[in-house]
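Here come two complexes built around subunit A, the first alongside subunit B, the second alongside subunit C.
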Partner chain A sequence: MNPLEHKKTILVVEDERPLVQAIQTKLEKNNFIVVTARTVDQAIDYLENIKKIDAIWLDHYLPGEKTGLDFVAYLKNPKGAWSTIPIFIVSNTASSTNVRSYLRLGVSKYCIKADHRLDQIVEDVKTFLLHPEK
Partner chain B sequence: MKKQTQRKKTILVIEDERPLLEVVNTRLQKKGFGVITARSVDQVFNAGLEKNDLGIIASKSIKEALEYLEDLEKIDAIWLDHNLIGKENGLDFVKKLKANGGLWKKIPIFVVSNTEKSDTIRSYIKLGISKYYVKSNNRLDEIIKDIHTSLDKKKRV
Partner chain C sequence: MTSTAYKLKVLAKEKENTRRKLVITARKLAATAKKLAVIAREKESARRKLVVTAKKLKSLYETLEKKVFDRTKDLEQIRAKSDAILTSIGDGLVVVDKAGKISYINKSFEEMLGWKAKEIIGKSMVQIVPREDLHGVKVSFKERILTQVLSGQKFVADLTNPFYYIRKDKSRFPTSSIVAPVNLEGKIVGAVEVFRDITKEKEIDKAKTEFVSLASHQLRTPLSTVSWYSEMLLAGDAGRVTPSQKKYLEEIYTGNQRMVDLVNTLLDVSRIELGTFIVEKKPTDIVKLVQSVINEQKPQINEKKIRFTSSCVNKLPLIKADPKLLRMVIQNLLSNAVKYTPDCGKIGLQLSLHKDRKSVYIQISDTGYGIPKNQQNKIFTKLFRADNVIGKDTEGTGLGLYIAKSIVEQAGGELWFESNENKGSTFHVRLPLYQSKKKNGYQRSFLTSL
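Right after this comes the complex of A and B.
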């Protein structure tokens, strides 16, 4: 059996290169497969092309016209194929309206970058995906 | 009727993100290309390439590895990501290829990268790559179509 089949694939949507690199390294060390995108349109292109994406790590502010919020609204369309993929927002923005909008749309978790160490966020994602009962 | 006699063109795809590598691999094969994949520069030069039934080839030097690959199969084009596994990036790869001369120097290189930095792009162009695609500005199928077209054109000239 292909050993890759046990591993979960995470689509990381984040535009700051050093951060992407750090997230990618940490997720891979924790046995995840990572694919990265810098914009919402690129992320949608990857979702359409890559068969198996198990979770999405998403920043709010991204280059281009669309923000993370636009992406989540698009994903959570109940008629779409992606409405059940868990989404983790990892962002600098702490505006309560944004946080509320994300939670109302049904994201799994919202982390403020400044308040959480990357390791801790990775650990949270891992717990959520591998032990959903916790 | 389709001509069957034409030799299949082979593309070497160097990309570190496995899901992307798999998609590009499948898509190019559907377009009728042979595909060889690698996730790091080191993998290419040590010929640890993943290809159907091709195993690991032990090679002492870059030059030897390249010569071996030249004998084994003609590579018609290279799809290259900038950020790769390990210390070396796509730019290091292109420098090595060009420095090694021979057949490899002339292979068209298509860089497909997340990097939008103009000095990086300029360095690639200066080294003589065929085209630079910023991943976020181009859909995957567009890039594949574009590369297909430019390789097709090349053949007819």
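Right after this comes the complex of A and C.
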């Protein structure tokens, strides 16, 4: 059996270069296939072209006019093809209104970068993908 | 002849008698005249004296009249000056009588509140100018500081606790005020209130808080980079590290973590001040939560060989609370106790349901350095640190108690303490299980019963 078949593809939307590199390295070490995007438009582009994205790792503030919130609103459109993809918000911005909006839109998890170890966030993502009911 | 001679003789004798009588009368008259002359002289002297006295009196009267005139002029000047001063004070000023009726207002009062003196003199200040707290809730008559001052409270400054005054046109502005009683012969006969529009200060304060918030968010990104990369190096993601490299990396990681904590604390402060604290209530086992905070502090407690005792009631109802905020309060109080108690000291923690079964009571006592008496009133002030601990602990920020008190008060609870320098401190927290009805529209209470 091709081990790649078991690998999940995760789209990381984050603009801070050093953070992208760290996230990518850690995720790849944990058997993920990683696609990275710096802006919401770029991320939508990847989604349309790659098709098989199993999860999305998303920052709130991104370059360009659209924030992570706009992206989630777009993805969660029930008529769209991506409404069931689990989304993990990993951001340093945790204003109450933002967190509430994200959770209301139905993201799977919200965590603050500075307060969590990278391996812990990756572990959480893995656990969620394996046992989404948890 | 003889008879004629005889008659003449008799006549002569009679004349002689009459002459003699006349002489006597003349003598008497002369004596009377003399007496009269004396009386006349005396009278003249009295008259002269009276003239002198009258003159003196007139001069005295004139002097007095001048003095009265001068004094009146002085008084008028003083009064005009006081009036001018009171009128032109930049702060609003109102004087009320014992019944709280307005007896004087200055120009700034008129300008700030839109009322003219003639419209409101003699009316109740509390009714004419309503007051709202920061959440738009009207302050009741009994709670008005003016009412409290008139009923005997010495002096009230409302500087740290701003509120809104409502203008004649129903618009409002943030104010801070000082009220002092007017005492006459030991009795309160009225009160003076001086108040200030603090719109500008509030704007500046908000801008400052927003700046701290923004700066802290910006700081978090590079902190995350340092944190994640040192974590990956330690995990061996970039190859094996030698034991001494590991030690150095751990120092980097720990130092960075401290910075993350500091930034988080600053963010908490700015959230409190901007009123954007996220309150997420969920059923919380407070006993478990307290236990977990204790366990977290155990390494430090053991390291300082502190004798720690705790008494927690086993059966406390599950409460709907924000565990994160609740944890923050207990964490702050317990870590302070540990931080400010010397080696081999004692710390006690007590958790119980209040007698009224409407609130939870937490008490944390220590045998530490204590808070000097003269600084106890500042201990909840943001960034304040007591003199006696600044040198002993360099990591404190002076924000912990400020945050704890803000959280507890926003939940409608109370946080207070007693402390003796070099003997120790005891902090008390009372948190209501139910949200107070009074503060309707105020959704900040993070503790409600399930």
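Some points to look at:
One rule holds in what follows: the second predicted complex is superposed on the first by the 130 of 134 C-alpha atoms of A that agree within 3 Å, B and C clash if a C-alpha of one lies under 4 Å from a C-alpha of the other, contacts with A are read in each partner's own complex, and residues count from 1 in each chain.
FYI, a residue touches a chain if its C-beta (ideal position, glycine included) is under 8 Å from a C-beta of that chain, and two chains touch if they have at least 3 such contacts.
Computed from a predicted model, the values in this text were never measured in an experiment.
Model built by superposing both complexes on subunit A: subunit B and subunit C fit together without a clash.
Legend: residue contacts after superposition of the two complexes on their common chain; A:Ala22 is shown touching subunit C, with no touch to subunit B. Contacts of A:Gln42 after superposition: subunit B is touched, whereas subunit C is not reached.
Looking at the shared chain after the overlay, A:Thr93 reaches subunit C, while subunit B stays out of its contact range.
In the superposition on chain A, A:Asp115 makes contact with subunit C only, not with subunit B. In the superposition on chain A, A:Lys8 makes contact with neither subunit B nor subunit C. Shared-chain residue A:Lys76: touches no atom of subunit B or subunit C. An angle of 130 degrees, to the nearest 10, separates subunit B from subunit C at the C-alpha centre of subunit A in the overlay. Closest CA pair between subunit B and subunit C after superposition: 11 Å apart. Once the two complexes are overlaid on chain A, none of the subunit A residues touched by subunit B in the first is touched by subunit C in the second.
Note for the complex: subunit A touches subunit B at residues 4, 9, 17, 20-21, 33-39, 41-42, 45-46, 49-50, 52-53, 63-64. On the side of subunit A, the complex with subunit C involves touching residues 16, 18-19, 22-23, 25-26, 29, 92-97, 99-100, 112-115, 117-119. Against subunit A, the residues of subunit C that register as touching in their complex are 217, 220-221, 223-225, 227-229, 231-232, 235, 237, 260, 263-264, 271, 276-278.
For subunit B in complex with subunit A, the residues that touch the partner chain are 17-20, 22-23, 27, 83, 114-115, 135-136, 139-141.
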